[in-house]
Every structure is written in C-alpha cells, then in structure tokens.
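Each of the next two complexes has chain A plus one other chain: chain B in the first, chain C in the second.
Take a look at the complex of A and B:
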C-alpha cells in the first residue's frame, strides 16, 4: 500500500511548492491513473513514491509517504526499489547500458536474481513488451518508441510489487500504446501488481485505470473511481484536462434528454447507451 | 506545392524504408500522414523537405527538384518542426532564437526588417523575448520552435509528431496556431500524428502508410471509415467515427459528440423510442 499524508514538497531553491498537502492512498492491487497539465506535479509525485524525493532531490519536505508501511524518509532508495519499480518520463536518463540485453541483465543481477533464473526472466519480459527481436540490438540503433519499450521491459523483469510509470507511451503508436496498457492490466489482474500510471492519453487511461487522480498546480483536485471522476468532466476541462469523447457524448445526452445517462468510458458502453436511447 | 513522383529511399545497408510513393500536395492543403511506428512516415517527410534525397524517383518543391536545389532555397519555402524542440533550439533567449532563424534564411532583408519581424512574432506568440528556452516547459519550448519557423513565413510547413509529450492545452495551442496559418496564409501543412482525434479535428486529407508504402490517400473522414484499411494500418479510428460505424443506420455520418448527440435526439424525435 502507498500512503501519502499531507505531503508538501518544495524543490531546493524554488519558491513555490511542487506539491501541496497531498493525501492519497493506493491499495495493494490498485490501478491508479494520474492526469494533469504539464508542470502540475505528476513527476514529483512519482519521485516521492520511489524515495528519490527527498533522498536525491532535496528541498522542504512536510508530511509523509509510506510504502508498505515504511516511511520513505527512513528507508533507503535501494530498499524502496525492491518494492517499487519506476519507468522514467525521460527514458534517456533511465537507460544506462549500451545493449538491450545488458540493460535488462543489469537490474536482474543487481537484485540478486539467481543466475539460472535470469535467461527465463529476460525472455519473458522482452516477449511481454513485444520486443523479443531486439534482445541483441544496441540501444543507439533503436527509435524513441523502442527505447521506451526497453525501459518498461527492464522494470517488468524485476517483478516489483508496485509499478510506477511516468508517461511511458509518449513515443509509441496507438497499437503499441494499447499493447502496453493491456500488459499493465494483465500484470495488475493476474499478478496483483499495483500500477500507478501517469499519462496524457486520456482515452486509454480511462479505459484501463480503476482509479483516477487529477493533479493541477501541485494539488490533487479530484480522486476516486474513474467513472466518478469523469462525472466532473466540466471541472476537468476548466483545468485543461481533456476527457474521452464518449464521455462528452454521455454528458451531452444527459443534458439533451434531461435524464442522467451513464458515464461511458469506452465504445461498447457508448453503443449500449445510444441503442437504449433510440429504442 | 510539393510533388513526390515514384519516390523510394533506402538508408545505407538497408532495404527500402520508403517504396514507390507518389502524391501531390496543393497549396493550402492540410494533410496528415498516418501509420504504425516504422511505417516510413519520418523518412517520407524528410524526403519532402530535402533533408534526404530519394534513391529513385523525384521530389519537387513547387517546380524545384530537391536534388538540384540549395539548402537556402528550400529553407525559405519549407519549415520543419521536429517532434523534440530541443533538436531545433540553440540560442539562449527566445528573441535570439527567432532572430537566428530569420538571419539564416532572410539575411538579405537587412537587420532592421528582421528585428521588426521578430517583434511581430514575439507579440503574436505572447513572448517577451527575454525568456530562456531551456528553463521553459516542453510545451513552451515547442511554441518557441514553432515561432521561429513561422517567423520565416514558409509556404509549406512539415510537422513530425508535433504534439508528442505535450499536455492537452499545449497541444491545442500548437495546433490552433498551425490551423490559423493554414487558413489565413494558405500555408500548406503536412503532419505526422498518432492522435487520431487531433487528425480528425485539424487535417482534411490523410495519407496512410505501412511498410514503406502508401496504402491510401483521401479525405480524412473517408479514410477513417474504411475499416479494412484501418486494420491493415493498425489504426483505431477516432471514437465518434468508431461509434458511428458500430451503430450504422445513418449514424456513420456523425463525427463529433455534438453531431452524434444531435443524431440520437433526431431519431428519438421521430418517435423511434418512448421519449
């Protein structure tokens, strides 16, 4: 379980806090989507979970963050990293090896995974992300999207209890993005891995995340079940957060029919709603 | 106007990345290139700008063959916005950045004219000019890159995934600005984009690529409604078009939530359902 209690954080040398009074709980097995405009504090929130704040990034830190009951201030980054795996927004700063294979190997060896288990773990991670054919390639020869997939595979190979991903599909095409979201859903449902996913792709996020947190100006403006949060689409749009067009359709039909329509998050639901309305 | 005639291209020691692609963009068009990662989109737009030269076939900017043209001639006509603004920005203030592009391409006009043009662009983009690009957000830096390209007043604007890494409002700012140039100045726009809602909202024509080949070329909505083609190119159409196709029965024509809601209400009005 991840638990933020009244967390406020101001980076050293900055005047304004990057996060203010964050209260947020993510249960084991949760799938939380985080959305918000650029500069809202999403990456800072992720850094607070992994302990990079306050261990790497210093500043004024108030309140607390606990991972599995351990206060991040008193726990080393190393220890937290055994529970929480993170895929960085800036992939370039995450990848340290010149070869794909070595990048995956590095983490596994670091975690003391037994030698005989390693080939299997590596093959499985690459295959799950759909890049088995890239195993022997050099990182330099890969496209931005392929590098993002390598970063994801290297973290998944470690089988952390909690996965934090910071805009991991920015350079992926629609099919690959959906593939990654499906993989996260599978890990979440079948292995009970807690997923915390920061994304701008609102349509996919709403389809896959069970909970949603909307961040703006360093605060959590709304959090709750995805559908409940989307019921406040007007408010989100005022903050500059888009919502899926099927959700907009729900809202418009509620207004036009004068009867509350369900908040739709995918095409199946929208089709059902329309068919019911036209009889 | 840009013309590609049977263009193929292969990187060194590789099979062809673009194969036998032909199309022509008229002045004032707004087209999008769609396709999966590796389909050959970036290679195609680099060929259009003359950054790459075709292995076979011809690329003409107006009537000028890119193989025979000078970089300076092309830079005057074609602006290229990369996915990552940091590949483009090289100066320490926004004013210097804009002036730098202008001096390179329109140096013959004299310093006074270029300073005046810079002032105009700064005002238009709501920059003071003193901002330091590298302390701005990614979305702001993308606006700096776009401002310095538009400062030159190119006839043709090429955008390779211009909204990657931007949030929704930043994406709207960039795209609205580009639409304005297209509508008011008849700038020809071609963009590579993975967000089909953005393509639907802004582009009028779509070129679909797969495996280096041009699979289809037509009006955006027609292309999105071609289910077989969309599957072949691994593209999911925008939500309202997808919904319209599922519903059939006249709903295929709606492509916005507004349009869809109206179509639903019209059907109810006809007494189709117990309202």
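Take a look at the complex of A and C:
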C-alpha cells in the first residue's frame, strides 16, 4: 500500500512548491492513473513514491509517504527499490547500458536474482513487451519507441510489487501503446502488481485504470474511481485535461436529452447508450 | 565518427578473449612503444595494431581509426620536422634528425592510440566493467564511472547534433562556415550542451540508484570471466613483445 499524508515538497533552489498537501492512498493491487497538465507535479509525485525524493532530489519535505508501511524518509533508496520499480519519462537517461541485453541484466544482477533464473526472466520480460528480437542489439541502433520498450522490459524483469510509470508510451505508436497498457493490466490482475501510471493518453488511461487522480498546480484536484472522476468532465476541461470523446459524448447527450446519462468510459458503453437513446 | 567507440559484435578470437587480456595487450603495446626507440620496431607495432584489427574482424573500423589519426599525425609530423634544428640539413630547413624524430613521435602516437580504440570495438563495455570488478577487484563505483563515460560519448554527440539542428532550423548556416568561423559558431553551443548533459547525468544516476546501484557486489555480474587457452597465448605474446621492446 502506498500512502501519502499531507505531502508538500519544494525542490531545492525553487520558490514554488512542486507538490502541496497531497493526500493519496493506493491499495495493494490497485491501478491508479494520474493525469494533469504539464508541470502539474506528476513526475514529482512519482519520484516521491520511489524515494528519489527526498534521497536523490533534495528540498523542503513536509508530511510523509509510506510504501508498504515504511516511511520513505527513513528507508534507503535501495530498500524502496526492492519494492518499487520506475520507468522514467526520459528514456534516454534511464538506459544505462549500450546493449539491450545488458540493460535488462543490470537490475537483475544488482538485486541478486539467482543465476539460473536470469535467462528466463530476461526472455520473459523481452517477450512480454514484444521485443524478443532486439535482445542482441545496441541501444544506439534502436528507435525512440523501441528504446522505451527496452526501458519498460528492464523494470518488468525485476518483478517489483509496485510499478510506477511516467508517460511510458510517449514515443509509442497507438498499437504499441495499447499493447503496453494491456500488459500492465495483465500484470496488475494476474500478479497483483500495483500499477501507478502517469499518462497523457486519456482514452487508454480511462479504459484501463481502476482509479484516477487529477493533478494540477501541485495539488490533487480530484481522485476516485475512474467513472466518478470522469463525471466531473467540465472541471477537467477547465484544467486543460481532455476527456475521452465517449465521455464528452455522454455529457453532451445528457444536456441535450435533459436526462442524466451514465458516464461512458469505452466504446462499447457509448454504443449501448446511443442505441438505447435511438431506441 | 558517431560510432567510432561503439562495440562491433563478432565471434573472433579477439572477441572471445578475456576483457582483462585485451586491456593487458593494449597496455603492453603502449608500454612497448615508449620503451623502444627504433623506428622499425615502432612500425612493427603499428603492423601488430592493424593485424589485431583484421583478426578481430573490424578491419573497416581499424581503417577508420587509422585515417582519423593520420590527419593529426601529418600535422604533428610537419610541426616536428619544421621545428627540429639538430642534424644535417637534407632539404631547405629540414634535417635528417628532424625527420627521424618526427617519424618516431608520429608513429608512437598512432601506435598508442589505436589499440585503445580497437579494444572498445571488440569488447562490450559491460564485460570490461564486470571483468575489472570481478578479476581485478576494482571497486564497482570506479568501473561504473569509466563505462558510463564511454557510453556517454555517442550520447553527447547525438545531443550536440540535436542542438545544432535546432540552431540550423533557426537560420544558423553551419554548413557555409569553415575553420575558425565554424568553431566560433559552435563554441556558444557548449553551454546548452553542458546544461543538458549535467541534467541527463543526474537523471542517469537516479535511474541507476532505483535499480539497485548500491546493492551491487563483486559477485553480482551474471557472466564469469575465466582465462582460457587464448588468453594464455596472448600472455606469451605480450611477454615476447615486451622483451623485444627492451632488447631491440
């Protein structure tokens, strides 16, 4: 379980706080989507879970963050990294090795995964992300999207209890993005891994995330079940967060028909609603 | 130029050698080049360099490196020849002594630089790092610094060309300027390069930290690096080379 209590954080040398009074709880096995405009503090939120804040990025830290009951201030980054895996927004800086194989190996070696288990874990991670054919390649020869998949595979191979991903599909095509989201869903449902996903692709996020948190100006504006959050679509629009088109459709239809329509979060629901209205 | 330091996959004898052996060969060639003062021996060492490149299946890369070094070598040669005043004049202000010294300096430069670049072409950086840690007991932090520095070279080049492209898009004509003028155009770009590099390095450090950088021990490496027959052969070769350098 991840628990933020009144967390406020200001980066060293900055005047404005990056996060203020964050209260957020993610249960074990949860799938939380985080959305918000650029500069809202989403990445800072992710860094706070991994312990990079306050251990790597220093500054004024108030309140507390607990991962599995351990306070991140008192727990070392190593200790936290055994539980939490993070995929960075800037893939280039996450990748440490010049070769794909070495990149996947890096974390496995560090965490002391038994030698006999390593080849299987590596093959599994590469295959799940769909890049088994890239194992021998050098990172420099890969496209941005392929690099992003390598970064994701290198974290998945570690089998963390909590997976934090900061815009992991930024450089991926729509098909690969959906593939990654499906993979996250699979990990979440079958292995009970808690997923915390920062993402701009609102349509996909709403389809896959069980819960949503809307962040703006360093504050959590709204949080709850995806459907409940989307019910406040106009509020999101005002913040500059786009809503899925199906949600916008259901809102418009509610206005036009004068009767409240259920909030749709995927195509099937929208189709049902329209069919019902047309009669 | 962009991939001058990158690993070239292969299965040659040189590839299969222990990274430490390759490092040893590199060092031995450098030491031999400084021990010997004979032009012919230095030329022989150059032949060894080139041969290693060919055996390692990286003839193309070897040629690339050689050609790059040649430009610097010619410049140094001319400088040396024109500045040496000792010996009997052969032609204009050029003396026989000057030609000989210049030849040796230049050969030494090429001989010393080539094996380093070649080693990077036939050795995976990760293997080098892990072998340094496992076999030579170098602290991992130091080995990591070395490997990261080498890994960052192509990244910085990518970054620099990105910055230059951004400038070109705003109307800076890098392609029309040459020599000193081009240099003075590129110089101000070092500031953004430095800033983005520092930021990137910091993030890479964070990325390494959250993946157990500090948990790593000497035994962490997945691969093991035992010495095999090839390596012992290489040791004999190194010994012979050193002996020859001293005797000749």
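Observations, loosely collected:
One rule holds in what follows: the second predicted complex is superposed on the first by the 279 of 279 C-alpha atoms of A that agree within 3 Å, B and C clash if a C-alpha of one lies under 4 Å from a C-alpha of the other, contacts with A are read in each partner's own complex, and residues count from 1 in each chain.
The working rule: a residue touches a chain if its C-beta (ideal position, glycine included) is under 8 Å from a C-beta of that chain, and two chains touch if they have at least 3 such contacts.
On a predicted model such as this, the values are computed, not experimentally measured, just so you know.
Contacts of A:115 after superposition: chain C is touched, whereas chain B is not reached. Shared-chain residue A:252: touches chain B; no touch with chain C. Within the superposed three-chain model, A:77 lies in touch with chain C and out of touch with chain B [touch as defined at top]. Using the contact criterion defined above for the overlaid structures, shared-chain residue A:39 touches chain B, although it does not reach chain C.
Once the two complexes are overlaid on chain A, none of the chain A residues touched by chain B in the first is touched by chain C in the second. Touching chain C in their complex are the following residues of chain A: 50-52, 55-57, 76-78, 80-82, 84-86, 88, 90, 92-99, 102, 105-112, 115, 118, 136, 138, 140, 154-155, 158.
Within the complex formed with chain B, the chain A residues making contact are 36-39, 143-146, 167, 170-176, 178, 200, 202-203, 240-242, 244-246, 248-249, 252-253, 256-257, 267, 270-271, 274-275, 277-279.
Listed in rising order, the residues of chain B touching chain A in the complex are 35-38, 83, 137-139, 161, 164-170, 194, 196-197, 234-236, 238-240, 242-243, 246-247, 251, 256-258, 260-261, 264-265, 267-268, 272-275. Of all the residues in chain C, the ones that touch chain A in their complex are 3, 6-7, 9, 124-126, 148, 151, 154-155, 200, 203-217, 220-222.
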